[in-house]
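The structure is given below, and queries will be raised subsequently.
The chains carry the letters A, B, C and D, assigned in the order they are written, with residues numbered from 1 in each.
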Amino acid sequence: MIAFLLLFAAAPALAQTPPASAGPADPKLIEDLVAANRILAQQGVLDGWGHVSVRHDKDPNRFLLSRALAPELVTADDIMEYDLDSNPVDQRGRNMYSERFIHGEIYKARPDVMAVVHTHAPALIPFGVVNVPLKPVYHRAAFLAGGVPIFDIQQSAGMTDMLIRNNDLGAALAKTLGKHDAALMRGHGAVIVAPSLPMVVSRSIFICLDANAQAEAMQLAHGGTIKYLDPEEARLINAREGYGLQRAWEAWKKKAMNRQ
Amino acid sequence: MIAFLLLFAAAPALAQTPPASAGPADPKLIEDLVAANRILAQQGVLDGWGHVSVRHDKDPNRFLLSRALAPELVTADDIMEYDLDSNPVDQRGRNMYSERFIHGEIYKARPDVMAVVHTHAPALIPFGVVNVPLKPVYHRAAFLAGGVPIFDIQQSAGMTDMLIRNNDLGAALAKTLGKHDAALMRGHGAVIVAPSLPMVVSRSIFICLDANAQAEAMQLAHGGTIKYLDPEEARLINAREGYGLQRAWEAWKKKAMNRQ
Amino acid sequence: MIAFLLLFAAAPALAQTPPASAGPADPKLIEDLVAANRILAQQGVLDGWGHVSVRHDKDPNRFLLSRALAPELVTADDIMEYDLDSNPVDQRGRNMYSERFIHGEIYKARPDVMAVVHTHAPALIPFGVVNVPLKPVYHRAAFLAGGVPIFDIQQSAGMTDMLIRNNDLGAALAKTLGKHDAALMRGHGAVIVAPSLPMVVSRSIFICLDANAQAEAMQLAHGGTIKYLDPEEARLINAREGYGLQRAWEAWKKKAMNRQ
Amino acid sequence: MIAFLLLFAAAPALAQTPPASAGPADPKLIEDLVAANRILAQQGVLDGWGHVSVRHDKDPNRFLLSRALAPELVTADDIMEYDLDSNPVDQRGRNMYSERFIHGEIYKARPDVMAVVHTHAPALIPFGVVNVPLKPVYHRAAFLAGGVPIFDIQQSAGMTDMLIRNNDLGAALAKTLGKHDAALMRGHGAVIVAPSLPMVVSRSIFICLDANAQAEAMQLAHGGTIKYLDPEEARLINAREGYGLQRAWEAWKKKAMNRQ
């Protein structure tokens, strides 16, 4: 151990030892992660640059994320394992998403979160650049009732190229996210979290639909009242949030996986 | 009989006897109900959580509705029979839509209605949360001329999770619907009714298109006049509402059923 | 002849003799008419209720129009021949579009017109119900530069079910259309005309895109100036309107006909 | 040589000698140009009238552009070679895009540009006809940070049919474009340039998405503040603009080329 420390002190340029694997994840979890990638691409939530991950089922200190590939092309062989510092367990020369730190840092900060989506969905961009809070207009978006914070990278790191390219930036984003289920990223996109892959997929789809609905309601109302979900309604809906999710997930999965 | 009553009094936990079947429905009706599910999913009216039903052709006290499944996946084998209290005739362990009570209670209240759609269509959500009445901008939406009431579940049941999960809530919704052909459900979606499956499908598609058209007309007009359908025009159109419906239904059906 | 007139006077209930056929139309014209139906359906201009026709190449007093069928399903065998009073040459029990009179009356009034589209396209509905003239925002819509009249059936016929169901109503619409290349039909849709099928298809697609573009430009400008096409620019563009049309027509046709 | 000049002086009607070929381009470049055509058509950026070109890899004084064909139909055999005056090297009777001068003149004026797109994309038309500058709302559109000039052909050439049909008009457009990466063409469309085909495809897609996002942000903000990208952020993003492009390009290419 002392020898290692001396080596480490003496030779900082030596490659860090990669983290140990938690072992194979449940094949069904891998299959669902592949499906989540394909569904979110098909549903217009993820473009070539977005990504979705899931916490390893065998070890909360590991998560699974594709190598750097457009979500619509991801297969089981592309899934890589990371520790929560977003170091790859077995890189084998594969390119990694530069913004994997979004996932690792959120998994660190939020033991309740099992799946994370990072998106550039067009529907969310406008809400990230104006002073109009995104709120739940309908029941599918009840998970937004606690508020949707806006992460403005300028406040953490001044002028940047906007990418969450290291742990510090990931931690800053996770701090803004706090206990919420989604955060907008000014001039960039959004991050959405959930206790499962089906739920993070559903939330990612419906945060976009709610954003559209709120924008249209505001236009229609032309300054008049909009009846958003009451906080108590949101609480009751969130208590049964998995309602109907299984049947929607089956349909999304079938449609996404049949069209390779 | 007396023995049964005593048993019933003594053992309220015993399962109620399921209602008797009205016998097999016309296979063509089942086929059309499957098609209606697929068409409405393909046309973007129904997502994984919406549903469509039809009154049984052999008995007005029964209706047909899929088991809890995303509409795009429904097949003839998934169709279940219910009484108007939304009790299943032959459940066989299949999951049921929690909101089947929407259908049963409307069939009770409206002997003229033969088909019901419950939707979360994004186009309708904004109109359910603002004080802007949805009105017919063009002839395809003439069936809205009598008005489109908004059902706000808070008025019937205070704070809830928004689901129509029992007969009382279904009856409250049916009461708001009254004699109208559609009602918006605040923060939830809408319900549309009609004297046939092809017509409820057509109405569900065109209520969405009319909502979009009205929103755009209001934007264009910027406070100026919008010429909605005259009530007499609407009456004359409604008198011939089936015009052209058969050829549209054939095309929708062909497109939806060929793409499994 | 005199005998016929006496018969006609004495027995008005006798079926009128159908008009004589002009003989077979050029098979290529039939093929293009089928393609036009399919293209306009695929491009979202025609729904199950709209239609497109072309003047017979052998006789200007005849036109070709499908039997009453959704445009996406039309084949060569569905094409019927009509005189300009919209009487069928050889009906053979086939259902006819109730609004075929739109086509016949326009062919009567406009010897320059060789093809006609009647559409309910959603993009056009708002402009038909507000006091905002539809104008060409960009070069593809230069054919609108002369103005787009609005036909309000109330002015011709009072309260109706909005359908152009006879020659008188068709003549009223043709009168409003005048020399223009398109007219909106309040609360109904629009009619577009052109000297060829490829051009009427192109015009029908671009009147919709221009409507969207004008609506968005008005929103952006928020009362500020919008630079529409100058009348002289429009004149010069219209003089070369067929530019590039052939290559677009080939692509639309290929895409529409390969997907039956 | 003197004989040729005398002939040229005496007989201006004689055909000019076509320019010499630079030799075969890299087959991969041709393949990418075909893919760019198909991707941009599929992504809704190019209709039947738009086009995309790339500078020849063997000679900066030549560029490659399809014959006059809708982009969705372009194959390797359709690619033609041009000099920077937009004269074809080997026309072989093939029709040429009337507006090829857009490409040639930009390649002349901009040695840094390797690929050019000319589009009529609907999302961009509104910004070309109003006094609202198109600006980068999010990181994908950072390349717009230097400004997006509007080319109004009236200022160069008075009343025209709007087509860039000769070198002078192409040069005028290139002059307005200047050092920018995109220019809007009033009442016509836009031109986008880049140092590679994948990047011009990406920029063409994201200028449209940014236009939509800015329009929606302006609506939401209703006169309030919109936080556009800071110039320094844009500079830093532009410095790493190729980030993730390869994986998006692979996905776009796969999707466009698999569906012939």
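The rule we apply is simple: a residue touches a chain if its C-beta (ideal position, glycine included) is under 8 Å from a C-beta of that chain, and two chains touch if they have at least 3 such contacts.
The model shown is predicted, which means the values in this text are computed figures rather than measured ones.
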Size of the rotation, in steps of 5 degrees, that lays the CA trace of subunit B over subunit C: 90
Determine whether subunit A and subunit B, two copies of the same sequence, contact each other through the same residue numbers or different ones, counting it as same when over half of the numbers at the interface appear on both sides. different
Measuring centre to centre with CA averages, how many angstrom lie between subunit A and subunit B? 35
Distance in whole angstrom between the CA centres of subunit A and subunit C is 49
Touching two or more other chains, which residues of subunit A qualify? 219
Is the way these chains touch best called a line, a ring, a star, complete, or other? ring
Can you name every pair of chains that touch? A-B, A-D, B-C, C-D
Using the touch definition up top, name the residues of subunit B that touch subunit C in the complex. 137-140, 209, 212-213, 216-217, 219-222, 224-230, 232-233, 236-237, 239-240, 243-244, 247-252, 254-255
Using the touch definition up top, name the residues of subunit D that touch subunit C in the complex. 47-49, 68-70, 72-73, 95, 98, 120, 122, 125-132, 152, 154, 159-163, 186-189, 215, 218-219
